[in-house]
Amino acid sequence: MLTLMIFLPLLGFVLNGTLGKFLPKAISGWLGTAAVFGSFVIALMSFMDLTGDTTMPERIYTKLFTFLHVGNFHVDFAFQFDRLSAVMTLIITGIGTLIHMYSIAYMHEDDGFYKFFAYLNLFIFNMLVLVLGSNYLMLFFGWEGVGLCSYLLIGFWYKNVDFGKAARKAFIMNRIGDLGLLMGLFLIYDTYGTFEYQDVFKLVFAGSAESNAVNTAIALLLFIGAMGKSAQIPLYTWLPDAMAGPTPVSALIHAATMVTAGIYLVIRSEAIYALSPIAREVVMWIGLATSIMAALIGLKQNDIKKVLAYSTVSQLGLMFIALGCGAYTAALFHVITHAFFKALLFLGSGSVIHGMHHEQDIRQMGGLRKKMPITYLTFLIGTLAITGFPFLSGFFSKDEILMSAFAHNPLVFGLALVSAGITGFYMFRMFFVTFHGTYRNTHHGYDKVHESPLLMTLPLLVLAVLSVIGGAVNLPQYLGESISGGLHHLLSYDGGGQFSPILMYPEHAIELSHTAEIGLLVMAVSVFVIAFLYTRNKYVTQGAVPESDEAQAGMGKVLANKFYVDEAYDTAFVSPIEAAGDVVGNYVDDKGVKGFVDGFGSGSNFISRLLSKIQNGNIEYYLVYMVIGVALLLAFNLF
Amino acid sequence: MIALFVTFFSAVALLFLGLNKKESNYSVFAAISLFASAGLSWACSANLMSFGILESWVPANMMLFGKEQHLFSALLAFIVGLIILMFRKNEIIGNDQLGLMMFSLCGAYMMVSYQHLVMLFLGIEVLSIPLFVLAGASKNNLASNEAALKYFLMGAFSTGIFLLGTAFIYGGTGSLELEMMGIKPSFMHAMEGMPLPVLINAGIVLMSVGLLFKVAAAPFHFWAPDVYEGSPNRTTLYMATIVKIAAFVAFYRFLNTFAGIADAWKGWISVLGGLTILWGNIAALNQTSVKRTLAFSSIAHAGYLVMFLLMADGTNTWILWFYGLAYALASVLVFSIANQLSVSTGKKDFSAFNGLAKRSPIVGVALVVGVLSMAGIPVSAGFNAKFYLFSFAWQHMPWLVGIGLLGSAISVGYYFKFFKHAFMQESEERMPMVDRGWLLLLASLILLLGAMPWAVLNGIF
Amino acid sequence: MEVIIIPILASIAVMALGKKNQIWMSALLSMLPLIFIAQFFNHVGVDGGWKTLFDQPWISDNIRFTTGFDGLTGILLLLTNILVPVIILGGIRNDENRVKITALTLFMQGALNGVFMAQDGLMFYIFWELALIPIYFITLTMSGENAFKITLRFFIYTFVGSLAMLASLIYLFLHTANYSFAFEALRAVELSHTESIFVGGGILLAFLVKIPVLPFHSWQADTYTNTPAAGTMLLSGIMLKMGLYGLLRWFLPLAPESIEFYQPWVIGLSVAGVLYGALIAIRQKDMKRLVAFSSLSHVGLIAAGIFTLTLEGLEGSVIQLFVHGINVVGLFLVIELIERSTGTRMLGELGGLAKNNRLFMIFFMLIALGTVAVPFTNGFPGELLLLKSLYAYRPNLSLLAGLTIIFCAVYVFRMVQFSMFGEGKGEVASLKWNEILAFGIITFFILGLGFMPQILIDIVHNSIVQIGQWVSEARGVMS
Amino acid sequence: MSILNIFSQVEISHYIYLSTVLFCIGLFGVLFRRNAIILLMCIELMLNAVNLLFTAFSSYMGDSDGQIFVFFIMVVAAAEAAVGLAILVLVYRNTRSTDVSFLDQLKG
Amino acid sequence: MMQNLPIPFLVLSFLTILSALYVVTSKNPVHSVLALIFTFFTISAHYVLLNAQFLAIVNLIVYAGAIMVLFLFVLMLLNLSKETEPVKSNWWGISAAITAGCLLLIITAAFQVSGEAVAKNPVEGIGLVKALGKVLFTRFVVPFELTGILFLASMVGAVLLGKREKGNDALISKEELNG
């Protein structure tokens, strides 16, 4: 079953990839969707088995074949389906199915329709390998694989050179992270002699005489990988650019699934992180910095997808804060809810873009709520969910993060709260500018704007429902002991006596007094309210339109230009490397190494010409040379 | 001895035949008689035949007729036969010239089988004097005249030096016989540890200079490029192969008598060998004329063969034999192609080879085989020859082998000029090639010697 | 023996048939040796050591024509005899030189088979040189201003290396008990430390030039760039592997005493070469040149892996040399087809080729992915093992070499981007069946080995363990 | 039957010196002169120096081989002179000169 | 040392060297030839001193009588009897002298240093025609016969070269060569 679950999407990819060209678009699209949906069904069944039936082992393990066996280096091509994987799998296949469906309509007019579905299926396959692999190398397989699919899909519209550039940027930044991850893997193997999660954690847990310094190093190296995949400082700049891809891609890969792989990795390696407070601290501060910075940049973006992209980066930062604080459940919880509402938002924005005939600039929109009621409604729900409207999914997950941050360090809590607050500002800004006010586009008439077809709105509705009720998976304690903490219990399952818990070190319940809890809640809600009121006042009541980038000044300009990070990277890394390539290629290699070698040749030729001069054709000289030769020989021999 | 007889009398016969029909071409007759000489000599070496009557006439201390001598005679006769055969069409060659070439070959026979310095001296002169004439045989060609004069003057001069050395040796050892000469110095050296008498030492040096001049080793090689370039192609080829092989055999036999005092000459001879290798190869790099390039190449080959002199323990003559055969086959092949091309295009530089591969792929392949063999690249006779030579010389003078390898590497630089022009350049001119079958046969012979040398050597030695 | 003779005879046959010969016939001829290789695998097997198949006196009584077979040889034979058909199917342009190049390629196939099967030192050297000759004549068919200079540099460069090896082999030969070049006899020679440094250095030089490792690479780019595609493929796909094979088969067992001395140098230079090649490749505009430098980068990693002397490194290098052969031939095939259709291979002048030829696009993408070493393609397992072995040697070197996974992505995707994507500036002619077959073979190996690299390791394991034992006997311990 | 009993009065080394001096004079002439005929004559002088040395050794050692050798040298010298002069005449016919330094077309 | 030598030897040696020097330095070729003939005479005298009477005679007949006449004949034929040879620059003469002198010095110095002796075993009568002839036709009969090849070859060669072919005028004039 497990194998089937993983390989169904691959089958979809192969079928679409080979036969797709000859299939009608509808079949091709539904084929892809069905493959993912099949996986989802199997995953759901397996999940039920796993949690419902106590006789089942704590994980389903399947070894397909030995991938590499060299001396004592041994890696199996094997999968495991445990509780953490299950959650991730459900998100991936579930949201994946919805987005596939959505894409059938969204991509309907595209030439590369079948290709698109093939890529999406391939992505799902790789993502499943990532989360279902039973060892770090399998994770790395999926890790690289999703990076590749991301590359393929960002650059899906290959005729556009900028899109291609964005795709490459995404892939390369991911690879930088991958290198760190790879080094981390080597260090793991060096230290523990295996890649299998179970064996590694057993050894880590047994504290097999390895110093925490080694674990810290492993944790940090793994985190470099996570930085790349989950778009953390300093490797985050690819994600906003990745919006070049079709919108369903952004929803699936760059919001719901792939970018959370970093979170998954850290949760998976909890045993290691648990031993390294330093690494956790690093994770937390980087998450925090990323969160705030991305949120600030989001304030001044005018591309609807860019705003969402920076929002994603910011939310991922929040998750890392949770991880850094040791609140793994909270992080995973936010992963889930974020998957719901961010996918919703992206799909909603896709619907807007679709309705606006591929216009992405919010300044060209306005007043869309009348033309696109379903989109408007679902988008509103998404916005509310992400900004933390009470009792929507985002409210619970975000609060849990904030609370764990508070328990860890009030300063962190404060900063995280700021970040969460800014979320409200930019989200409502975008929302109001897009859907309220007056229509501002000059190219397309207002009458040409239309609501999306059912195939697109249906997933929106489903996701909207999920965004509302998603909090149910891990309700806080104050809502009642019996219904709360579902996810927490899931992850804290002790393995039923066998050794395979998800979290080695069971999380302590956050010991906060109810007053403090309520206080925190109030603070969070009030920040939300302030943001809502301010933006509503500015963009709806006053009808302000964000000014163009050129008109920005001061801090606004800095924000609009994303803190000039891309430019700084260009100056600091890209240009020097390219310059070095030129210098090495044109001077060191061509003139230096080759010149040195050719020097022997020209040297020989020089001597050759010299010898030709000696051979001047005059016999008298020859005779003299000869006699000198004789004389020297005699002198050399006789004395 | 039988080879000498057959060669001499067929030469005389040729001269007489020439009296009757002046314009006839007797190359085929000459070639057949030379092949017959070679065959008979080989038969003697393999004990299939014996000409004891002829050989018993020769006093034992004058000439030696062992297996090696027969084989070398056979080799020399075979090569000259080949040269005459390959050049029979391109230049009209009078019977007098053929006769002279065969007379000269008689000198070469003497040089490989001498036991007395008189025979060596006579051999050298019989070899050289016809060659002075042959070098100037194209009388209307100023280059040929110049070559003849240069060769003659320098040859006579080196003869003088050679003779002075002979006189010193005579005075020092009291004998002119090969077997007697070495006894005294070896004895002195071994028993008393005395310094070598100046007479002997100087004698060895001066005689060696005379022989080194003949093989064109640096710094006594200056005549060679000029003379090779100026002489008619056939003569050049003859000089580059026969003279060299004969002189090396003579040299080897000479030094072999002084094997007991090898320390006295090994050093400087190997230095000269190294100098020759480098000089020949480097100087060839910059040449534009094909013949001159090949001349320097032959100088370089002389340098490699100097290695052979260093292992003067009398057991490895087969290496020289094989090297001579390999080198001669390749030279004949390349020279005859170059000759045909320069005749048909009128060019003396490499551009004569332009477009050869396209016009005549068979000749192109033959050229490739010949040149690769000269450069010593497997699978070719040249590689095996060099391999045998280098691997045996290593024990005697490793650094010289190193220089030899370096020289081989440099040599690629000019050998591949042939390919550059034959394969990369286009040509408008038509180049009728004759004797393609023969060329291919030669090439296959080279390949055969390259692919299964041991079988061939086992059959012969 | 058969696998050496058949291609050479086939070469003569093709030459003799001239223009009449069809591409399929020569391809079939070139596939014939595979039958025999399959037999070797069946009947000789890869479990034991190096088994002698054929043995005859050759250059002398003790210098013999001896062919042998084991896993390592098997891998290289497979590589050669798979790639040569691919090259013949797709890599030879249909112009006046086609017959000649086909014949030379077949000839080279025979010579290469000889190299990989030789159990006698001199035979190895002879075939080593012999393999150089066809490629030289293929390069001679190129045109251009510096053509001769480039080929000459190439030839002399490799020739110097070969001569150094010959010198070393002769030295060993003279120290054997009965003047033999047999592998076992050469291996049995006891060398002092100094001797082994010189002897090993000579052998090493030949291989380092051929691989090429950093300062010995200056023949590479120009030769690749200017040679007709078949030559480039032969050079990069198989010839380079001769050097790596030589390191494993001849250098390590014959001069194990000197490894200690050369290890840091070779690894250092190789890793430097990895970065050096990658840096240059990033800025190349000529696709062939780009791949040439990428090749420098890739093989540097392989060489470094071999010299770590870990089992992972040695076996990883075998995987990777096979895989690199497949991938680089694929890349050059792609470039060749682009150049055939558009007349250029300059990145600036290309673009949008993906539009009209999806199939070509898919093949290109797969090959590119294999080169970038994405998981599930063949490039990954080898690179993983090599980096891992390097990590065991020096973690920081592994990190440096690992930068290649970033740079490689940069230049490969840059190449893909500027040729296939963007606005259309030309078209690639639709693929013919022979080209599809060639690509099919390549992609089969790209994907197959991506999932099942263990197959290669199983084949080669025993040979490598044996080599490892020899090395460790000489060095005391092996990690 | 000698006119003088020279063997007891003159050391062999004096003949060596004398011959060497003669030889070197001839050699000097070869180097110094440009006229081909004079060159040839100088070479004859060198040969004669050698002849003298041979004869001296032969007489002092009482070995006839040396004198036979001298005989052969003379024979060869005669043949050589004949061919040499023929070449010289040939060259003169073509260039109207016997100056060797004019003949330097072949070089490089 | 010198004063112990017999007068005839000294005088002869002195004359030999003197005439040899004249051969080398004389500007007039004819004078050179005559001086060379004189040198041969003195050398023949040495032969007589050395008990090599046969050689003394042969030397006169072959060298002075045949070879030198040939030289003279050629000189006359080519009309080279005048002082046609351009004067060489001084440095050339000096360097030639230095080169030859060095060689001389090296050889003589070597003998001076070692001062070696040759086994003295003068035997009466080996230089007579009778004795030499006996050796020549027994032990040396092969080389003697083989000189036939030499002469045949040189004869054919000389004829070959001397044969005038049609249109064989000067290929290049002296002026051209000079220019």
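Each chain carries a letter (A, B, C, D and E) given by its place in the written order, and its residues are counted from 1.
Assume a residue touches a chain if its C-beta (ideal position, glycine included) is under 8 Å from a C-beta of that chain, and two chains touch if they have at least 3 such contacts.
Worth saying up front: this structure is predicted, and the values here are computed from it rather than measured.
Touching chain B and chain C together: A. Common partners of chain A and chain C, by the touch rule above, are B.
Comparing the CA-atom centres of all chains against that of chain A, the greatest distance is found for E. Measuring from the average of all protein CA coordinates, the nearest chain centre is that of C.
Interface comparison, B-D versus A-E: the higher count of C-beta contacts falls to B-D. Centre-to-centre separation between chain A and chain E, using Cα means, comes to 102 Å.
The distance from the centre of chain B to the centre of chain E, each centre being the mean of the chain's C-alpha atoms, comes to 30 Å. In whole angstrom, the spacing between the mean C-alpha positions of chain A and chain B is 78.
Centre-to-centre separation between chain D and chain E, using Cα means, comes to 4 Å.
Listed for chain A are residues 601, 612, 615, 617, 619-620, 623-624, 627-628, 630, 634, 638, each touching two or more other chains. Multi-chain contact residues of chain C, defined as those touching 2 or more other chains: 152, 156. Multi-chain contact residues of chain D (touching two or more other chains): 12, 16, 26-27, 30-31, 34, 40, 57-58, 61, 63, 65, 68, 72, 76, 79-80, 83, 86-88, 90, 94-95, 100, 103, 105-108. Counting only pairs that meet the touch rule, the chains in contact are A-B, A-C, A-D, A-E, B-C, B-D, B-E, D-E.
Per the touch definition, chain E reaches chain A in the complex via residues 92, 95-96, 99-100, 102-103, 106-107, 110, 113.
Those residues of chain B that touch chain E in the complex are listed here as 8, 12, 15, 57-59, 61-63, 94, 96-97, 99-100, 103-104, 106-107, 110, 116, 118-119, 122, 125-126, 129-130, 132-133, 136-137, 139-142, 145, 148, 171-172, 174, 195, 197-199, 202. By the touch criterion given at the top, residues 149-150, 153-154, 157-158, 161, 198, 201-202, 205-206, 209, 213, 219-220, 222-223, 225-226, 264, 268, 279, 282-287, 410, 413 of chain B touch chain A in their complex. Those residues of chain A that touch chain E in the complex are listed here as 620, 624, 627-628, 630-631, 634-635, 638-639. Chain A meets chain C in the complex at residues 17, 21, 65-71, 73, 77, 137, 140-142, 144-145, 148, 151, 155, 158-161, 164-165, 167-168, 171-172, 175-176, 178-179, 182-183, 186-187, 189-190, 577-578, 580-582, 584-585, 589, 593-594, 597-598, 601.
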